[in-house]
Amino acid sequence: MIDKKLLDDHNLTHEEYDRIVELIGREPNLTELGIFSLMWSEHCSYKSSKVHLQKLPVSGKNVIQGPGENAGIIDIGDGLAAVFKIESHNHPSYIEPYQGAATGVGGILRDIFTMGARPIALLDSLRFGPLDKAQNKSIMSGVVSGISGYGNSMGIPTVGGETCFHECYSKNPLVNVFALGLVEKDKIFYAKAEGIGNPVLYVGAKTGRDGIHGATMASAEFGKDSEAKRPNVQVGDPFREKLLMEACLEATSKNLIIGIQDMGAAGLTCSTTEMASKSGTGIEINLDKVPQRETGMTPYEIMLSESQERMLIITGRDKVDDVQKIFAKWDLDAVIIGRVTEGSRLKVSFKGKIVVDIPVEAVVNLCPVYQREICRPASLSMFPTDLLPDIPGDLSASLLRLLSSPSLADKEWIFRQYDHMVQINTAFLPGMDAALLRLKDTKIALALTLDGNGLYAQLDPRTGGKAAVAEACRNLACVGALPMGVTNCLNFGNPEKPETMWRFQEVVEGISEACRVFDIPVTGGNVSFYNESEGKSIYPTPVLGVVGKIDDINKAVDTGFKREGDDIILLGTNRDEAGASLYLKLMHGLEFGPPPQIDLEKEKKLQKFLLEIISLSWIRSAHDVSEGGLAVCLAECCFSGKNRPGFSVTLEENMRPDTLLFGESQSRVVISAGKKEVQKIIALAKERDIPCRVIGKTGGKRILFKHNGKTVIDLDAGQAFSAWKTALPKIMAP
Amino acid sequence: MKFGIVVFPGSNCDRDTFHVCNHVLGHKTVYLWHKSHDLQDVDCVILPGGFSYGDYLRPGAIGKFSPLMNEVGEYADKGGLVLGICNGFQVLLELGLLPGAMLRNKNLKFLCQFVHLRLEDNKTAFTRKAKIGQILRMPIAHFDGNYYADPGILDELRKENRVILRYCDANGLVSEDNNVNGSAESIAGLINKKGNVMGLMPHPERCSEQILSSEDGRVIFESVIDFIHA
Amino acid sequence: MKVRILVSFKESVLDPQGQTVKHALHTLGYDFIKNVRQGKLFEIDLDGISEKELEKIIPEISDKVLTNPIIEKFTWERLDG
Amino acid sequence: MKVRILVSFKESVLDPQGQTVKHALHTLGYDFIKNVRQGKLFEIDLDGISEKELEKIIPEISDKVLTNPIIEKFTWERLDG
């Protein structure tokens, strides 16, 4: 009955099948095969990435929960813990941008509130193909409305994110969503199935034939119309999720729950087996009790359904009534569908028959782990810099063009569709280096950011990994926050290709190294492979989410210049590094490396120094230099400043002016400060061995750069601002 | 005084409004569950922002049938103060406690941003601490805030001075350019004939603390407090 | 029993969604499209009421729940029998 | 020429809008309502194309612009002669 075709349809190899037979001691039936195929899929088992991910540093003194649960948790003081995680929803967002992105938000939020934490922030990292193609525009439009539609109705503010554009994402857009919640340290809940005999409750939406895998299956069990019946994209129901969240949080806060797990990808299969596995128990469920939206569903379909907005809860027998009352208050069903059992088997019955009887361990933990073949690509597009194109005659025009390119232009078109203020914690609105959330009734604020650079990682994956961590932490340092924990989403092509795996390994090692140097733990993350269409892979795209803390919110600083006549100071060194810059890409159509090199020790010292002068209240603004280089960085300080003061900057490095203005050398931050503080800053920098010098002054109405006595950029600040501000709305106008 | 904040299942600014009334302004505040029938003797009922019932059909369309809305209607008839913020305003329109209806924003997108508002009347219980012509900076966050009413109703609102807030620019200029969502006559907030039921699209609770970059919203709550204590 | 209810904006109310769809179709070259109006569709299955009750109830729920009569109007029809 | 296009989710796709309307109608006592599905309605005026072109174009724009065929389906009809 189980032949090659059936295995192919389930994405299982022959060897994997043999292993299943060995583990369960017989041939699996179709439902059991489906269960294994789901849990042994790349998405659930991490079979290709596991060996590499083990290199990430996961412990630290503030870590309450590292990788392995629904989300990571760190102790943030005042009896509170931050629960956070990032998740990708790339493939569904290409097929149905609105619903794909919306259900992505729904999924990550469930991960947070299952742990007893109330979500207080979302961030999104988005990558699309260039906006000169109508299809890319409509994907972006749909994705942004999807995130907005779901997050806004849930009342969770989307407070930040990043958005980049490149051809490699045209058929593979990336939608990575990060969520963070707050919980009292002693009220955290985990996915566990403890207490033999305890009831298993199903809560939330009814089960339908949503997103069942192995969809092309042509076996006898399915009728001809089964293809049409099994849409691979779910429709989100944010209202129901809101009810689910409130009910779950009410139940957890009243301590009525023993274990809880959401049913997202891999639905009932994943939630039952993982909970049992974590507690070393068995679990028994009766599918006739599972609330169903459609008629005639088979055990296979019920077990594999990915219907959204559902949860599984384990509670004590004496608490069932109270739990059901809470769910009834929120108009939700809470149905007993089974119980925790002795032993360690998953037993599923349907219409009086046992349809599944397999060892939980085999499903959850005994999936083969692959050390996939690795091969460094022959060419990595490294060119000597003497092949650089001619310097453009008009660098003012180059700056204007960069500022109005979608990757660098103002993203308000996006974030004004997100309710970024609900819950009234958003102290820094989107547009700064990091989002800043005050925690009510404390002086603490949390700073959050997402960062990653696909081009760096394509040209030099190890550096790309390091730079992503460094930049994310630098973003936090710029507002005055100390990084406390990291989550990451690794978006790659096909892991069966040795070159992809080489890049993956390099990126992971780069991230690990940086996290070790900065001494921040990785508390979780997500891997998204197979981002390929027609044989073409995306650039390896690591997205880092970093959570930091500032002890006194009143000390926080933002990006914008505050006053006329302040000194502008550069921390760090302008180096002759044009490689992998957005400037080369946008102005000259060139993508070559090497990307700017990064010295992690120096970076660490710089960030420490920045935190120190911010805590002393010596500076009025800080902004890191990243894509677009020094010129774009300074322009952004002007644009986000009150009344947008212009500035004048003088540079003396002996190098090409375009490299100096637009090169992306790492470990640089631009700060502004008043007369009185400048000398103190310079003196302390000297003591701390930080490159630091005054490069100009704020004031006037122009954006002025002089290089070795020559004016190289001279723009009206208002005109530059409006080019930056209106670029995206113009492109996206219907 | 005592504020009462109605909680619909999809409300999501209920906790924010509670925080401001209770923690920031220091007044007794209670939640009023939408399925209950008890207004708990409050001095002012606030219908908060959010998506009362998911609002897939129309904002407020289902929220208006919540059991507690009967009591809110009677309370308003008797002259009790009712303030609808954003979704609360939409519910008041659906209930018919205020005239008109909300359409999708003119650009067909959700809008979350700070706007400027011109205060048109300070003789109401909700604005007595403000100055006429005062310019307030407050956030909006809605998909359906494009106010619509028949010409007859608009005439009446104008004649009876019942438009309380209009979208404007930083200098108080009201024009189509500054009319973010396309509302008829740039209307952002209005009041009923009796002067005890007001609805507004902007969120005063989001700008009542220094740390949130504007405190202009306080004047609405402080007016109510002043009115009750007077 | 099965009925279909169609809800659309009153003539006097602008329909920006319809306008946007029209605009999108024009950009794709379908310029012979003169006007688009967008509305809502409800398909309802009912059971256990009489024909006469149906005639009363559908307009009632359309008026009370499915539309806001200030801006919308509706029509309805039987889909079966 | 005038056509009407009705768009709704495929049968097996969750319809949260219809579900909440049904729930609301039940709480109001209309418990004989068994199911509600909500969809979209488009009314389009066209000019200057032939009957034959119409037969081709309406399904084309419905498929390409008005629906996402992965989750939605449509039907259409002539409103005039």
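In this document, chain identifiers A, B, C and D correspond to the written order of the chains, with residue numbering beginning at 1 in each.
Here is the rule we go by: a residue touches a chain if its C-beta (ideal position, glycine included) is under 8 Å from a C-beta of that chain, and two chains touch if they have at least 3 such contacts.
Small disclaimer: the values here were computed from a predicted structure and weren't measured.
By number of C-beta pairs in contact, A-B leads over the other of A-B and B-C.
One finds 35 Å separating the Cα centroids of subunit B and subunit D. Averaging Cα coordinates per chain places subunit B and subunit C 30 Å apart. Shown for subunit D are the residues in touch with two or more other chains, namely 16, 20-21, 24, 28, 38.
Residue numbers of subunit A whose C-beta contacts span two or more other chains: 237, 239-240, 331. Looking at subunit B, residues 53-54, 56-57, 62, 65 sit in touch with two or more other chains. Interchain contacts join each chain to each other chain, per the touch definition above. Listed in rising order, the residues of subunit B touching subunit D in the complex are 53-54, 56-57, 62, 65. Residues of subunit D that touch subunit A in their complex: 9-16, 19-20, 23, 68, 70-71. On subunit C, the positions that touch subunit A within their shared complex are 20, 23-24. Taken in their complex, subunit B has these residues touching subunit A: 9-13, 15-16, 19-20, 23, 35, 49-51, 53-56, 109-113, 139, 141, 143, 203, 205-206, 209, 211-213.
By the touch rule above, subunit A contacts subunit B in their complex via residues 145, 148-149, 152-155, 237-240, 242-243, 246, 329-331, 412, 415-424, 426-427, 429, 438, 440-441, 553.
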